[in-house]
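Each chain gets a letter, A, B and C, in the order it is written, and its residues are counted from 1.
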Amino acid sequence: MSGASVLYDAPGPKTKARNRLYSIVGAVAVVALIAFVIERLGAKGQFKPEMWNIFNYADVRNNLRDGVLTTLEVFAVAAVLSLALGVLLAVARLSDHKPVRWLATGFVELFRAIPLLITIYVLWVILLANRDALGLSGNGPQFWALVVGLTAYNGSVQAEVLRAGIVAVPRGQAEAAYALGMRKTQVMTTVLIPQAVRAMLPTIISQLVVTLKDTSLGYIITFEELLYTARQMSTNIIVNGSDTYVPVIIVTGVIYVAMCLALSGLATWIERRGRRTKTGVAPATAAPAGDPATAADTGKDPAATP
Amino acid sequence: MRMRKTATACAAVLALAATATACGGESGTAGDKPAGGDVYSGTYRPASGVKVDSPVLQKAQKAHQITIGVKADQPFLGFKDTSGKYTGFDIEIAKMVAADLGFSDKEIVFKTIDSNVRETTISKGQVDFYVGTYSINEERKKQVDFAGPYYTAGADLLVARDDKSITGPMSLRGKKVCSIVGSTPLQEIKKPKYGADTIELSKYSDCVKSLLDGQVAAVTTDDAILKGYAAQRKDKLRVVDKPFTKEPYGVGLKKGDKALQGAITDALEKHIKNGDYKKAYEGTLGKSGSPFTGDTAPELPLPRG
Amino acid sequence: MNVLLDHLPEFRDGFLGTLAITAASALLALVLGLLIAGFRVSPIPPLRAFGTAWVTVLRNTPLTLLFLVAFFVVPQILFPGTSPFVLATLALGFYTSSFVCEAVRSGISTVPIGQAEAARSLGMTFSQTLRMIVLPQATRTVLPPLSSIFIALTKNSAIAGAFSVTELFNVSKLLSDQGFAIGWIFLWIALAYLVITFAISGLFRVLERRMGVAR
């Protein structure tokens, strides 16, 4: 079933009129809901110019910028490491050696089952206790606890995604490669993984969006990323005797949504490029901006998990 | 195609945000000035040639940097403004102690530590010592050591200005009271004799926000903290002013570090005697509605662990 | 071992708390997700736009931020005095509903075109087609992704611990702050989560088997 339009007939004159009525009612309802929210917040003085004037101050902007940069820094390191770990685990899970396979499976299942928040918290306590031995100082333990936690969880998920991609490559490809005299490593790195990555890119990037969002869990271990900074500012900046929670939360939310959408935009773009060539494995189905992780169409490809 | 536009629009927003932040903007601190004028911030002359047999301190001295855990959301006690500057009574105490341990202002790194991770960060050494409305009690002594007390507060209630129904802890039956995870007033108010309904958040500022929104009827913690919030929002909040516990504030440090404990106690005693303490108090907490009296400063000599 | 035995009541409360918040928000997410999925495939443009906006915003916002909105913004919009459990359920349910919606929508698109066409040629309306023909068939393909969404929900409920909801993560932090070895606490908490997540995947496997009619 390709489009939703199959679900209803091309409207006749009567239906058209009725749909128009529904449209108006629907639009009114949506607008009324938004208006209600805005009106209630306005009544509490949340839209007064003074409230929003705080973003004109250099300090506030610098804090926001530093928060965004810290978030992006954690994300960049965690993204690279989790992809590397994902490849490693995926290959290990397909290994011919039983112990390797078991170890990888155990790792993946363990870290996918435990809440990331707990992983990060435990890693932090462990890193803090051993910070001298590891040569970490200042923000080091927090940073690495967050990065390693994100890597362990997202790496496990990426491994499953990649494994599904590798399994989906037609068996003839690997057989042909072996027939040409390639070794196991060569087959994996030059034939299977490139095709798997291409096929699974949309899902991989949706999981990267999850990674980006999850950097906000750093608040639990006093790591000052975007959300932590925003929280601090929202209660410490007092205007007219009330907190600036609403403006700060709205601005922070917009920044996060924009960052994530930019990343999913990348997914759409890559997918469109991938579609041009018809060889090899078909890329997983559309993961356009805002609604990625629908690669689960067949029910067997793992989708990105929130 | 529509998606592409969305992505482009997002990129544009991001670029705009980046340039906007790069261009600076008004300088100065956003938001209202704290009530009662600027909060006092003193400088203390660092001692030289400090020799204390404490591994934590020796490491800090070698690095020429001492990390002190503080609060960042408590006006007049430990407060961080948007420029990143910390002010308040606890901050002054921290600076006094650091000076006597041989650290200048530039060598102090303040680290915001919320109440619920205090024990973890002190015992695991993320901070060298901790000054942030930290009540000394037996439970905590199992995990950390204290120097002091340097001030005695008491648990009190913060309520809406026009709420006349709450007169003390006994009038809280069936009402929602907010406090933070792991704080001593929370343990007290949870006792069945008060019959209060508790909400536990991770920051006092979040509790104050809940009170302002009408989510809870009262916030309970030490009067010193509450008075700061009340002073910030004079027309909305008031402190009941009937303390129902005694909360002696101490400086938290790693358990078993007797040498550092002694050195910090010495520093506190010295600054209480030489008047720095009074000056700092009057410039900070004194402005939030609790003037300096004969019983403000603790009795000397301070207890030695 | 001692940590578990000495603090059995705390662990039990935490376990039940996690179960309760997971069940409540799963229900909310399921209802909302179905509704919004209906919006997204409906013939009425404003509803479609609303559905798209809903999914876009909720999917791309960190859950922690949604918790902040639920606890510190929602009380200003609705009446104050809502309990933390309800607010946490709202945050978790809304967040998860966007994922449920997408799973349902992709499930709908796996139902063969002929089915909807046949329904239409019988004169069924949009809502009849969806309710009686498409959704029951979509259920089968939706189940596996739903299972992983609810497992994720279970784990995400840990965030509620920082917002006055008693659940497992809160217990682990409480005990670790009391100085117990983090290793043991971690082990027991992890085990408790594994029990819940295995129960969910088991439940869904049973459901899949019962719904698994050959097509």
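Keep this in mind: contacts are C-beta pairs under 8 Å (C-beta built on N, C-alpha and C of every residue); 3 or more make two chains touch, one makes a residue touch a chain.
To keep track of the chains, here are their UniProt names: A, C = Amino acid ABC transporter permease; B = Glutamate ABC transporter substrate-binding protein.
Everything numeric in this text was worked out from a predicted model, so none of it was measured.
Q: For chain C, which other chain has the most distant CA centre?
A: Of all chains, B has its centre farthest from that of chain C.
Q: For which pair of chains is the number of C-beta contacts greatest?
A: A-C
Q: With chain centres defined as C-alpha means, what is the inter-centre distance between chain A and chain C in Å?
A: Between these chains, centre-to-centre, one finds 17 Å.
Q: If you average the CA atoms of chain B and of chain C, how far apart do the two points sit, in angstrom?
A: Spacing between the chain centres: roughly 38 Å.
Q: Among the residues of chain C, which are close enough to touch at least two other chains?
A: Those would be 72, 76, 162, 173, 176.
Q: For chain B, jot down the residues that touch at least 2 other chains.
A: 117, 120, 206, 209
Q: Among the residues of chain A, which are close enough to touch at least two other chains?
A: If we look for residues of chain A contacting two or more partner chains, we find 125, 231, 245, 257, 261, 264, 289-290.
Q: Any idea which chain C residues touch chain A in the complex?
A: Against chain A, chain C makes touches at 40-47, 49-50, 52, 55-57, 59-65, 68-69, 72-73, 76-77, 95-96, 99, 102-103, 105-106, 108-113, 115-117, 120, 125-126, 129-130, 134, 141, 143-145, 148-149, 151-153, 155-159, 161-162, 169, 172-173, 176, 182, 186, 189-190, 193-194, 197.
Q: Please name which positions on chain B make contact with chain C in the complex.
A: 116-117, 119-120, 123, 139, 142-143, 176, 181-182, 199-202, 206, 209-210, 213-215
Q: Okay, in this complex, where on chain B does chain A touch?
A: Contact set of chain B toward chain A: 3-4, 6-8, 10-11, 13-14, 17-18, 20-22, 24-32, 63, 67, 72-73, 79-84, 109, 111-114, 117, 120-121, 124-126, 203, 205-206, 208-209, 212, 232-236.
Q: Flag every residue of chain A that touches chain B in the complex, lowest number first.
A: 53-65, 68, 125, 128-129, 131, 137-138, 141, 221-222, 224, 231-233, 235-245, 254-255, 257-259, 261-262, 264-266, 268-269, 288-290
Q: Per the contact definition, I'd like the list of chain A residues that touch chain C in the complex.
A: 1-2, 4, 6-9, 11, 19, 22-23, 26-27, 29-30, 36-37, 40-41, 44, 46, 110, 113-118, 121-122, 125-126, 209, 213-217, 219-220, 227, 231, 245-246, 249, 252-253, 256-257, 260-261, 264, 285, 289-294, 296-300, 302-303, 305-306
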